[in-house]
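The same chain A turns up in both complexes below, where it pairs with chain B and then with chain C.
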Partner chain A sequence: MSFSTFVTDKAGLQKLYEAIISKHETYAPVEKFGKYDYKKVSSLKECDPDSPIAMTMSVKPLFFPRSSKIMKYESNSAGTSVSETEDDHLAVPRVILGVKHCDARGLQVLEAVNKWDYIDSDFQKRRANTVIFSTRCDKADTHCFCTSLDYDVENLDATDVALVNGIGGKLYIQARTEKGENFLKENLEKQSAVGSQQSAMDDIKKQYEAFAASFRLKMDYKDVNEKMSKRFNSPAFEEASRNCVSCNTCAFICPTCHCFKISDVKIKDTGVRYKSYDSCNNVYFTLEAGGHNPRPAKYRRWRQRSMHKFVFYKERFGVNLCVGCGHCAISCPVNISIFDVVNHVASTPVVL
Partner chain B sequence: MEALLVPSLAKVDRIIQETPDVRTYRLKFKDEALMEKFTWEPGQFVEFSLLGSGECTFCISSSATRKGYFDCSIKKAGVVTADIHLNIEEGDEVGIRGPYGNWFPVEEIKGRNLLFVGGGIGLAPLRSLIQYCIDHRTDYKDFTILYGARTSADLCYKEEIEEWKKNTSIKVVLTIDKAEDNWKENVGVVPKILEEVVKPEIANTKVITCGPPIMIKYTLQSLDRLGFSPEHVITTLEMKMQCGLGKCGRCNIGSTYICKDGPVFTYAQLKALPDEF
Partner chain C sequence: MDYSNQIRDIAAKLFAEGKIDVFVGYRMSGFDDNQVPVVITDPKETSVLVFTEKSVFNLTNYLKADHTRNKRVGLVVKGCDSRSLNLLLTESQVKRDKLYIIGVACEGVVDDKGNKMQNCMECFIPDAVVYDEMLGKLQGKKDYIVNADITELATKGLVERREYFEEIFENCIRCNACRHSCPLCYCAKCCIDQETSTLYNGTNTSSSAFHALMTWSLHLAGRCVDCRNCEKACPSHLPLHLLHKQNEKVIYENFQNHLAGVEEGDRGAFYKYSLKDPDDFIM
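Showing the complex of A and B:
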């Protein structure tokens, strides 16, 4: 199925956004203390779909919440009862505006682990009920390296509708999935389809080339995959992780990190069981009851983190567990960048 | 996902004090239809919750061929297991999810001699397979159980071991680390007894082993010396797990998820994994 591309300008896009917000449950980046997080909005004034990439949190929590209730239970002398918790407010039909391309790819990457064997139906349902509008950046930020990681200008179904700036104030609205196509047909008032699909694609490619040229960080991920897979025993992990304070921020803000823990909170007879974010950088992550910990040292946890992203997940699911958004490096209190770590390890001698 | 993580309630039917710090909890689902339907293969595990305290991973230590109940043998080791020992009484209710994971290759080992090598609480997963094989005795050939513990008090399933001893088709070899008064069986660590007393036949034999890491380490070396090839040595891994569904990332070693691809592995498979367990 081929999808439509529409052309508009800034004013036209604003109108489209306003129409969407008035008709649908809409989430968009909302500023607070200089950072943007995705919140439910009721007017365009509250939010900024063009929020800068470096200042915008991942959209992941709208699909995989930071903490969610698994169940409630009650236990007293009369016995025990378990009740599943309330309706999933994230699974209702909704639109998310201003999602960054790299972030949208994060959701695509996560689908692999959520779909193998046991299916995370909540994640799938939330994604199926959501129309994602993504905006493609015009310029790379300091820590960005998304173009190095399977960023494909033509085939990108990570998002439902992609917005791309063309040359001379032109703005392209591209449907990327059937869902996006249908949504646009219903919501674009004056359908100003592009005159020629080809010239629009050419224009988009030009924009991409200018965008790709603005990157400070570039790498050949296939080379890194290959080299990392032979350097499990490299002492470089120790060097690379020395400054880490194990705060786990990198994992919590990562669009692809998906480790979680299960914990109980009980007050008197009533309790709630939660599923919340966890990280392999956490010293307690693999600590066993008897006291044995297979990853007692920081470098081992960092090795797991970087190898999982660039070797293990790739081996298992065919895709890197990193989208090059650079948020871990931006947020790290000691300036560790996954880009630097994997490239550094890959450049060291093989240790068997 | 959240729905997959909700446990079903089960009643603690019986508690058996196996050793000073190990108890076997005999469980029955509250929902009789569920108990009827519930089945598992030897070596699989469940997520056991003491509501309010937390959830832990335990193998099912009985076989599905013994119907109407399932056992979890729990050693007091950490926060939740200490709570379990302290707070759970017969008649109490606990949460159970499962069964999860792979299992011992019961089909593949048919027609073979079986050598079980267990240490301490490591006999728990083996017991599920031992019961299964006893209940399908004609499918398997010679049957040897080598079981050791630090002291005679630390031997689990004492009553059941007596039954196994009475069964003439099973050879049972017991050992403890240091000599004790009134102890008539072997004295010495498991790998030593394996090499010096059991002296197993290598041809057509599958070894199934589980125990503390140190015992496993030396047992594998002994088996190597005896001439067993790593493909014929089967073990089950203990690893911190939480979801049991291959999602939470805790048991990820290399590209393997121990909770899904394991916990049962051959020694040959383990050798190919990064040394992180």
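Showing the complex of A and C:
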């Protein structure tokens, strides 16, 4: 099935954004201390859908919150009873503006693990009720490498509606899924479809090529996958992780990391069980009740992190668990990039 | 301020003489003109070492890492870094005879955008206070000053101040990067890492973030040296220095002008309890 592409200009886009915000529950990047995070907005003035990628948090918390209630319980002398938590405020119909392509791809990658073994119905419900409206970057940031990974950045279907900048202030709005197509039909006031107009498609393609040429980081992911799978015992992990301070920021802001911990908050007889983010770079992550820790050294935790992203997840689900957004390197206090680590490991000799 | 050549020579000499096993310094990031810390174990790698006004990160944080524990370490310290090192020495976290310290008379470092860091403008001890070898021209002690954002904080009432901090902590994602990047947070398990505690349960609720950051800041009160490693690590760019600077100011004014780590053997304000200490202030 092919989807429509519409053409508009800056004023038309502002109007569309305003119409969306007035009609739907809308989330968009809001600036605070120079960093943008996705929050509920009531006017276009509060937010900036064109926020720079390096300064924007991932959209993941809107689908997999940093902390979410999974159940409530009450225990007293009569026994213990367990109950559902109140309605999920993230599972209502909503629109997210200004999502970056790599972020949207992160959700697509996460769907695989959320549908496997245990089915995370909360995640599915939240995604099903959400229309993702993405903006495409014009230029790669220092740590970006999305075009080097196993997805088609130009025709990504992880986003429902995609916005592409054209030449001369033209803006193309593309539906990428059926949900997006219906959404545009409902919300776009003046519909000027370009259909299969060749000039528009050429324009979009040209813009994409300019974007793809602006990347500093490039790699062959298939080569890295294969080489990494043979280098579990490589001393290169130790070298690459030496200046890591184990602060866990990388995992908390990663659009695909999905490890969590369970904690109870109990006051008197009633309690709530929370599911909150955790990180495999955390020294306590694998600490067992008996006191044994199978991953006590930093390099072992780094090995787990990079192998999970480029080997284990790929073997199990057929996609890399890294989307090349570069957020880890940007937020890292000592600028360690997963790109550098995996390429360094892949370039070393095999150790059996 | 460029001591790259001197530091390379010293590091190479130390390795050649067999005085150290590990050297902790800075190298160029490789993708822009910023610098990242580097932990060197191979004498051949000393040529990557640099030191300019871009050498921001406080390297004493690495003294609690696997690579340096129980080893002889050479490292570079600026004024603020040396104060945290002084505290680590007093608190028996590192042994002085295992360290070879290259002190720098720091002229102030700059952030990613090239602007002088705010803590450097307020800096009162630019020269390293503990060292084996000193680089640069000594600048001597300066007057203790605090920036306008702290004096403004003092004009706020208690409720107003609480609301102000609550608003800041709303953006905390509880990754605990601040605690892990702090050179003085060496507890094997920090109270804010606890998952079973009701106050700091590891959840990202606003009350948990509030309690965790407040407790963390009070544990560092009278010890924090304002190196801003925590702010550099914070992915939400929270102005964490407000907490520490406020504590520092209260302690300076109330505990006989105490400033953390300035003198050797200094035990920190909270260890020096006296019945004469004032108690009419609570932040």
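One rule holds for everything that comes next: the second predicted complex is superposed on the first by the 344 of 352 C-alpha atoms of A that agree within 3 Å, B and C clash if a C-alpha of one lies under 4 Å from a C-alpha of the other, contacts with A are read in each partner's own complex, and residues count from 1 in each chain.
Following the convention adopted for this analysis, a residue touches a chain if its C-beta (ideal position, glycine included) is under 8 Å from a C-beta of that chain, and two chains touch if they have at least 3 such contacts.
Worth saying up front: this structure is predicted, and the values here are computed from it rather than measured.
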Fit-or-clash call for chain B and chain C when the two complexes are aligned on chain A: fit
Touched partner set for A:P333, first chain B, second chain C, both or neither: second
Contacts of A:K35 with chain B and chain C, given as first, second, both or neither: second
Chain B versus chain C as contact partner of A:F252, first or second or both or neither: second
Partner chain(s) touched by A:G318 [first = chain B, second = chain C, both, neither]: neither
First, second, both or neither for A:D264, with chain B first and chain C second: both
Chain touching more of chain A, residue-wise (chain B, chain C): B
Which of chain B and chain C A:K298 touches, first, second, both or neither: second
First (chain B), second (chain C), both or neither touched by A:I70: first
Partner chain in contact with A:G168 - chain B first, chain C second, else both or neither: neither
Partner chain(s) touched by A:E84 [first = chain B, second = chain C, both, neither]: first
After fitting on chain A: smallest Cα gap, chain B-chain C, Å: 7
Those residues of chain A which chain B touches in one complex and chain C touches in the other: 261, 263-264, 266, 278
Interfacial residue positions of chain A with respect to chain B in the complex: 68-71, 73, 75, 79-80, 82, 84-85, 113-114, 116-118, 120-123, 232, 258-264, 266, 271, 273, 275, 278, 280, 285-292, 294-295, 300, 304, 308, 311-313, 315-316
Interfacial residue positions of chain B with respect to chain A in the complex: 1-7, 9, 49, 51-56, 77-81, 93, 95, 213, 238-240, 242-243, 245-250, 252-255, 260, 274, 276-277
Chain A residues within the chain C interface of the complex: 32-35, 37, 57, 65-67, 142-143, 216, 242-243, 245-249, 251-253, 261, 263-267, 274, 276-279, 284, 297-298, 331, 333-336
Chain C residues within the chain A interface of the complex: 29, 31-32, 34, 36-39, 57, 61-62, 65-67, 171, 173-177, 180-181, 189, 193, 195-196, 198, 201-205, 229, 232-239
